[in-house]
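What follows is a single structure, written as structure tokens, with notes after it.
Just so it is clear, A, B, C and D label the chains in written order, and each chain counts residues from 1 on its own.
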Amino acid sequence: MTTDASLVLTAYCTNRAGIVAALSKAVFDLGGDILDLQQFDDAGTGQFFSRVVFRGVSGPLDADTARRALAPVMDGFAMTWSLRVQGERRRVLLMASKFDHCLADLLYRWQIGELPMDVRAIVSNHPRETYANLSFADIPFHYLPVSKENKAEQEDKLAALIEAEQIDLVVLARYMQVLSHELSARLAGRCINIHHSFLPGFKGAKPYHQAYERGVKLIGATAHYVTSDLDEGPIIEQDIERISHRDSADELVRKGRDIERRVLARAVRSHLEDRVLINGMRTIVFPE
Amino acid sequence: MTTDASLVLTAYCTNRAGIVAALSKAVFDLGGDILDLQQFDDAGTGQFFSRVVFRGVSGPLDADTARRALAPVMDGFAMTWSLRVQGERRRVLLMASKFDHCLADLLYRWQIGELPMDVRAIVSNHPRETYANLSFADIPFHYLPVSKENKAEQEDKLAALIEAEQIDLVVLARYMQVLSHELSARLAGRCINIHHSFLPGFKGAKPYHQAYERGVKLIGATAHYVTSDLDEGPIIEQDIERISHRDSADELVRKGRDIERRVLARAVRSHLEDRVLINGMRTIVFPE
Amino acid sequence: MTTDASLVLTAYCTNRAGIVAALSKAVFDLGGDILDLQQFDDAGTGQFFSRVVFRGVSGPLDADTARRALAPVMDGFAMTWSLRVQGERRRVLLMASKFDHCLADLLYRWQIGELPMDVRAIVSNHPRETYANLSFADIPFHYLPVSKENKAEQEDKLAALIEAEQIDLVVLARYMQVLSHELSARLAGRCINIHHSFLPGFKGAKPYHQAYERGVKLIGATAHYVTSDLDEGPIIEQDIERISHRDSADELVRKGRDIERRVLARAVRSHLEDRVLINGMRTIVFPE
Amino acid sequence: MTTDASLVLTAYCTNRAGIVAALSKAVFDLGGDILDLQQFDDAGTGQFFSRVVFRGVSGPLDADTARRALAPVMDGFAMTWSLRVQGERRRVLLMASKFDHCLADLLYRWQIGELPMDVRAIVSNHPRETYANLSFADIPFHYLPVSKENKAEQEDKLAALIEAEQIDLVVLARYMQVLSHELSARLAGRCINIHHSFLPGFKGAKPYHQAYERGVKLIGATAHYVTSDLDEGPIIEQDIERISHRDSADELVRKGRDIERRVLARAVRSHLEDRVLINGMRTIVFPE
């Protein structure tokens, strides 16, 4: 996670010849030296995707200046694009329920500087004492218990908080309440959930118990963007572990914790580093 | 794969105290030395499962003698059990369709002595020349092309062949025709299929294309016993490989070949070595 | 991790026929019902190893009573053995240096009840404020800074602490000081270290930098019992992750943290659950 | 493995600003459309590495024409570079000894079109009947038995064969004779060996037996370019599998076969697809 004022450009558009040449020339012309260029042509959809990291040849580049310099080229290709300072922290809201292994893991990684994020709020439908062993440093904690009756009201509070704190990314770190279609849609591409199964297997409730009943030999976890279609959003990362007939459903739950936390952390990191581009139901994840 | 006339006992029954003591005493009393004992108590179903390898303390034991000596003890626990000479080759029928990577792999492993089986027949719905590059040694090849019209008739031939050759195990090595409910039922516990997905994800046709469309980040394969419920039989073995957005559906097919062949080979080996016991929808697979 | 007063017997001796029969009969005779029996005959060394979990058929068994009942049988085979109440917490001392990812992980797992241990002390050669973000609950922290001059003196304090607290297991959770031969010998079989490489590759200092220089495509970590021979003790657990040419040595360090913490946690858990038996330079690790 | 007359450019040089821009402009100017561009800046050595796949915007491009058009740009950066038609088969010589699992696997993959190579010769220090079960199609087989006395002479024959057949790549598919320093040097960057251990662990002879003695919990295999420094060449690919105390050295040998063949096949495929660039002791392997 370098923070030497490199800039990260992500961009996608309908593919045609000459995009890389134009992009890299534009970077060169504004005094940039490309450190890393990754691109992907999706033959199926005819889309071009790219992530370019560059820095000033002679001293740091100003992001706004760079944006202005790049805009005409980007417009020429009708690109959807974004330029950010590398390592600049995104504003993140973490949500959890009773189980806090993902929350604890994300906080630890944040504390040691592994995740370039500014945690603006922690939200839970369980009270603060649920996490008695976790230090939240000075991050505000919001207790938003959810019942059938108050669900809409609590979600309004959540939406207001997201707006007030200008949240860039919401992470559902084993938050067990389903967001409304409306909020899911509003957070499209900036809300990551960890599902405790190897999707598309075992959607819905109690996936480890489903996995136990079905007798699978591997269990997994899936980090995906939240969409209004439950457990169906674009997948960012998945991983698995081997189990055996000796494992009860409870032991799957325990072993699953390790998978969930590393899958979610990788997905969040990839997102924070601008490595993920959404391509319909799928994602491009440019490797570290 | 030792063939020093050790005996392998597999057994299961309703669990109660004293089974291991009685079993191991019976083995000791008949002059046996236990080389390997594995057992599993399924707390959920209250069943006891065991696999015991033993040899004669003073010279090889005769299997029939051992069976007679063990029978009273086994009867006392109402055990379902089987005793075989370790390494004794089972009579196997291999079935394939157009793609022969699993067939080729099983034959290679058989040739170098990795799989204790006696391949009695190879059956395909494609003609012999489909496998022009494969040496079948002196294994008879049976061409049974299947159409809507002749499906029942061809399956009768297959069933007759299984009977005539006293087949112990049928391996569907990417055989792409669905067996009838009746034949599936008749082969219960002695017919292994390789499904080219990480079940229960992507059941049915073209699983790699389904996986591509869904945008998963890992693909897998599943070896399972065939039941009359398609893609739903007890799972013996699964494995996965990591893929990326760069992989087209065709590349998933290619990468999947490596997963399929190793998953199927492991499952077949476990079965041939009497390591697999069926427990309803699940399996116990005692480790090597 | 059941704590229903089951008992766990671990035992090893020179192998001969009849051990399992005698063991299981002895358990049955004292009113025990075997829940899990695992054994291993090492053909190379002629040793027999076993782990047996059992509970009373009619109510909890008293450990001392069971020990007295089993002793004659165990003596008959000249067994080295141990009997413990399953889930009984061992007294553990954790040691760390500057990097606290393993320490944080072990503490988290302890807090949520994943590791049956009673952490009696945390010892570091760095001061308490190094771990400002970690809650140690009410575990005493001991700051024992080490220099060439005071090394022996500090180790005496450590040894005294181990004795005073009746420590069963010392865990070197990325503790970067080498223990003396004498202390290593005294802690034989009850001191686990995590080495941040896939041993025997990259022994010694800065293994990730060695790995980077060598250009390996996988990095790993190794949990092993400490012996007087540095980085050479019996291995309990190892794991790896895939890396690429894009990873700098610093990124290997980051990725390695995830491997280290899970490898160490698994090894500690296996030890605490009496699953590990030492067999010369090797270990038997009976699976969960 | 597309063969639609796309061209693959691989190139490396001392890094400086503007290379990607110049490269991609040159491709565009000659009428090329970039399908895939991967690049890597090695911060440690200050080298730039790249692999670019492109095709003609309006019909196939001629490779020679493209080379002439690119040459001035490449010269301007003092690039070492190569341009090939994608999917064009390299001329390959396969070498094996007694164990043929890697040989059989490479031949199978070649037969089904998975590896873009033209196998010009198979060389062994064992006679043809060693591979009785393998079909070599019409590939000439050369029996070159090696003894202390004739080693130099046989290697001369090998070198002559390599020259006569204009071999692009020599694959040591478990060939157990050490090549001379001279031949190794002459084949620098075009001779791939599979070593049956997770290098740098267990160099030299009988690595599985070393691994067994050391009690590791994972075994591996390593594909690397051959250099005059035995087992020390740049690593292309590695993989591992989990083992347990139950595995004897012989079982490690068996399990290792599966690892070796897939690691070697991946490395060979990467080389054949121009994905591997050598960077001192390390390799860049641009992902598929």
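Operating definition for what follows: a residue touches a chain if its C-beta (ideal position, glycine included) is under 8 Å from a C-beta of that chain, and two chains touch if they have at least 3 such contacts.
Since this is a predicted model, take the numbers as computed values, not measurements.
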Which neighbours do subunit C and subunit D have in common? A, B
Among all chains, whose Cα centre is located farthest from the one for subunit A? B
Measuring centre to centre with CA averages, how many angstrom lie between subunit B and subunit D? 36
List the centre-to-centre spacing of subunit A and subunit B in whole Å, with centres computed as mean CA coordinates. 41
Per-residue overlap in subunit B, given as positions that touch at least 2 other chains: 40, 244, 246, 287
Can you name the residues of subunit D that touch subunit B in the complex? 101, 104, 108, 111-112, 114, 133-135, 137, 244, 246-247, 251, 254, 258, 262, 287-288
Interface with subunit D, subunit A side, in the complex: residues 16-21, 24-25, 27-28, 32-41, 57, 242, 287
What residues on subunit A touch subunit B, complex-wise? 40, 42-44, 198-202, 213-218, 220, 234-240, 244-246, 248, 279, 281-285, 287
